[in-house]
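A, B, C and D are the chain letters, set down in written order, and residue numbers restart from 1 in every chain.
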Amino acid sequence: MNNRKISLVILISAIWLTLCSQILLAQEAAPPTGTKFDYHWFDTNRLNVFITLAIVFSAILWFIARAKKGKSLFIRRIAGLDAIEEAVGRATEMGKSVLYIPGIHDMNDIQTVASMIILGNVAKTIARYDIPLIVPIRQPFVVPVAEEAVRQGYLSAGRPDAFMKDNIRFISDEQFAYAAAVNGIMLRERPAANLLLGSFYAESLLLAETGASTGAIQVAGTANIHQLPFFVVACDYTLIGEELFAASAYLSREPKLLGSLKGSDLAKALIVLAIIIGTILETIGVKWFTKLFVVQ
Amino acid sequence: MEFWQKLLAIDRRIIFIFVAFAIIVPLFIIAPPGFLKKIDVSLPVQSLYDYVENLPPGSKIMIAFDYDPPTTPELQPMAVSFLKHCFTKDLKVIMLGLWPQGPVQAQFAMEREILVDEKIKAKNLQYGIDYVNLGFQAGNEFVILRMGTDIAAAFPVDYFGTRTKEIPLMKDVKNFDNIRLVYNISAGYPGTYEWVIFAGDRFGVKIAGGNTAVQYPHNSPYVQTGQLVGLLGGMAGAAGYEKVSGYLGKATKYMLSQAVSHAMVIFFIILGNLAYFITRGRKV
Amino acid sequence: MRKEVPLIITFLAGAFFIADYFIPHTGFSDLAAKINGWAIIVLAASYILGVLNILRINYGRVAKREKDWILKLILVLCMFFMLGAGIFGGITEGTLFDWFFVNTFTPMQATMFALLAFYIASAAFRAFRVRTVQAALLAITAVLVMIGRVPIGETIWKSFPDFTEWIMNVPQLAGKRAILIGAALGAIATGLKVITGLERTYMGQD
Amino acid sequence: MGAFLTLGIISFLYKDNPWYKFCEALFVGISAGYWFCTVFWSQFVAKLWDNIYPTAGQPRQYVYLVGGILGLMMLLRLVPKIGWFSRWPLAFVVGGTAGAYLIGYALSNGMKQVKSTILPLWVSGNLNATVGNIILVVGTFCGLIYFFFSKEQKGTYGKVAKLGIFFLMITFGASFGYTVMARMSLLIGRMDFLFGTWLGLIK
């Protein structure tokens, strides 16, 4: 451990201690009448959640550690993800722009976080060629994040000079004003590839339909089930649910991120196993196993 | 063959005209009684009705108005028929919203539909005693979490600026423990999903929902798992509740347009495919 | 400072909200509510950046007299008008701000939403091609649901609504569960990577 | 006024025209101003100002100043040299989100769904429930297999994954059907406004 790490540990502990002292102070202040003041530090009813999370966390971290050591990990081809690269490739051939729509939710949706990670990777690919990457955004807070992600992508490709701040555009916080403006971009600037990845709502149909009519290659992805049918119908490839989250790891091809994919696969296998065992037990009338999954 | 090919390349404005007619014409037609009889009352609608029906008078119901004007055609009827049902059963209603425009819709529902209704006028409802509108608070699911410990802390003043603690109805309402049901009418985020996981699952209060048809399939699994007492989905759900509670309103009126427009979309799907396969067959 | 501090903050914030679920201590929940208040304030502050971004982009277009620059000017003027009315006059019922909201914003927003009905019909006609078994399943389910939810269904077959309900409760639910469980794992993995700092593309690194 | 704007937007269905463009510019501008003011009053003022200068009798809560400082740091983006400060609030929001949502997903999308999928495959005397449960369990199983990334989808395994996709398609079909219902409802509402509220033709 070097000095730097030690000082970091001290800093973290200091912040935690401050927070804890705050809580203890609150404890000493007389609780308002009529309120139950709970003094427990762990909710034992939630032990099962804790253990489940611990298992999933360790599965993911263990595989990441393995990947870091250089163990090769197999991940199957994911058609939709290859399609992203293909779409970017075609845009470069045609010398046209790529439109990246990161969904309409704010950073407090984890899909937007995943989308920003993918955006970084897409930017890295695009930076090598001189085509614009247009990112229209609905939530103001996403703008700086997207700027950082794209800037970083261009930087790692060695082309910080090609980064155009004006292509990361805040449009409007209003859902349909946003949709109307993005439709305008599709019709007027005619991007060759539209990537719609993130958290989408009612505007998905408008965007996907307009995009399809301009003839651009469209790759879409979201975990919002109610919008997936429109993407399935109107786009060339669709990333369904988990595939969107997988994309961030898959595209970067970084072993440690692929490790996390493996980890969640292991967790999935455990879930499938739990369902099989549980179903058998339930069928023969044994109930305790099912109760392990009751969340309070 | 010419015909089918032309059909495939049809200007979409012609389709738009069909849509407009399918919607507008039935609005002018009064639906025959036989048609209304066929309106379906689905299980989640029935169970919400039954739950409210069996509450003792004076029970406190919370209604979260989590939507704004664009989705009112679907959601406002759900609010109106539910409110009418609550007031006829002498339940106390606490209204609020996690969407900025939600409490305004609550106010509209009360002023335009509830307080002018003859039957309800007889009840002589008093603001602050029989019902209250706590207004809007920002913070989405975190507001719900705050309410779990202290509702007055999450909503310090009501819609009109009165301190919540001074409102008679709120005197003995501390948190979700004092609420028999949270009925959430939602058009998206935050909405039923957030109420289920943050209020229902964490604090054990009963949750029911009224959703747009888009949201409905998303939240219907929670009915099966018992996390929702009941759920209304779209215009059909709203009309179902109107039917079962006997307060026929807008949803019932709109049902005919709804039926015709569905039939038309199905017709388009079939026609589109027919044209596609016939022209493709010829080319090969 | 540039690299480590943000990572530490991410970790602490993430760990804090995870811990919040397991710690029932009232002092802790109160603190969580306050910390959430910070997040709301930060998000609110970002709206200032948003307005400035709109200004920067549109100012350029108006100054260069690009095509439709008058519209861009109207856009910016409308924005300033609403900003002025809202900040100095308040936003409660009966204010100028509220009047403009009810009479311009609301009908346009509702109409935008309603336009989707037209597009969905046109998409049904043009995009819904039953080329594969998968596409056929999608189309058939859609048609069944559409019929079952309106009184046409019951006219055709008495148990049609029940059948629709069955589709929703059995095969539909099965597919949805698979997506939900998968997405949960994806979200957990992404969240974990973000919190532990393994994934930080979104933050820039210098 | 409402009708003028409603028709202006609807005119886009015919084609892109100046009337629509005018309405669009109006819409975007007004909405930007609207959201800013709403956020300003209901979030910024309510959470920061009102906590530090509360109504008489309430204690001042200086803790919220931290949020204000983080918010200020966000604005430092505008100053290129110290712009990197803005990463602190950014990290704070993203980290907090990741934590809160991680728990949310794990509970509602994860454990609750797993629990509800564990069903008896034989319900005596109820054929309907038996068949339903079997399809539900098999469907969820196949769907999960589709999301498995560690194995190439070939052979029997591939067929199971394919069956999984079929179930996903049924889910999408149902969603599509419901969405049609929703959109039509909204248009009905709008038309009722035009012909009923505005022109007074519908009683």
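Quick note on the criterion: a contact is a pair of C-beta atoms (placed from the backbone, for glycine too) under 8 Å apart; a residue touches a chain by one contact, two chains touch by 3 or more.
These numbers were taken from a predicted model, which means no experiment stands behind them.
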{"item": "Chain-chain pair with the highest tally of contacting C-beta pairs", "value": "C-D"}
{"item": "From chain B, the most remote chain by mean C-alpha position", "value": "A"}
{"item": "Whole-Å separation of chain centres (CA-atom averages), chain A against chain C", "value": "14"}
{"item": "Whole-Å separation of chain centres (CA-atom averages), chain C against chain D", "value": "4"}
{"item": "Length of the line joining the C-alpha centres of chain A and chain B, rounded to whole Å", "value": "31"}
{"item": "For chain C, residues that touch 2 or more chains besides their own", "value": "11-12, 16, 18, 21, 26, 30, 36-37, 39-40, 42-43, 46-51, 54, 106, 109-110, 112-118, 120, 122, 124, 128, 138-139, 142-143, 146, 149-150, 168-169, 172-173, 176-177, 179-183, 185, 187-188, 190-192, 194, 202-204"}
{"item": "In chain A, residues with contacts to at least two other chains", "value": "22, 35, 49, 53, 56, 108, 110, 113, 141, 144-145, 148, 172-174, 176-177, 180, 202, 205, 225-226, 229-230, 232-233, 240-243, 246, 261, 268, 271, 295"}
{"item": "Two or more partner chains touched - positions in chain D", "value": "13, 24, 27-28, 31-32, 34-36, 38-39, 43, 47, 63, 74, 77, 87, 90, 93-94, 96, 98, 100-102, 105-107, 110, 112-117, 137, 140, 144, 147, 168-169, 171-176, 178-181, 184, 186-187, 189-190"}
{"item": "Contact set on chain B toward chain A in their complex", "value": "149-150, 174, 188-189, 201, 214-215, 217-218"}
{"item": "Touching residues on chain B, where the partner in the complex is chain D", "value": "13, 16, 19-20, 23-24, 27-28, 70-74, 100, 136-139, 141, 193, 196-197, 201, 212-214, 216-217, 221, 224-225, 227, 233-236, 250, 254, 257-258, 261-262, 265"}
{"item": "Sites on chain C touched by chain D in the complex", "value": "2, 5-7, 9-18, 20-21, 34-52, 54, 68, 71-72, 74-83, 85-87, 90-91, 97, 100-101, 103-118, 120, 124, 133-135, 137-146, 149-150, 166-185, 187-188, 190-192, 194-195, 202-204, 206"}
{"item": "Contacting residues of chain A [partner chain C, same complex]", "value": "4, 8, 11-12, 15-16, 19, 22-27, 31, 35-43, 46, 49-50, 53, 56-57, 60-61, 64, 106, 108, 110-111, 113-114, 116-117, 119-121, 139-141, 143-145, 148-149, 151-153, 155, 166, 169-170, 172-174, 176-177, 179-180, 202, 205-206, 209, 212, 223, 225, 229-230, 232-234, 240-246, 248-249, 252, 256-257, 260-261, 263-264, 267-268, 271"}
{"item": "Complex interface listing, chain C residues touching chain A", "value": "4, 8, 11-12, 16, 18, 21-28, 30-31, 39, 42-43, 46-51, 53-54, 56-57, 60, 109, 112-113, 115-116, 119-120, 122-123, 127-128, 138, 142, 176, 179-183, 185-194, 196, 198-199, 201-205"}
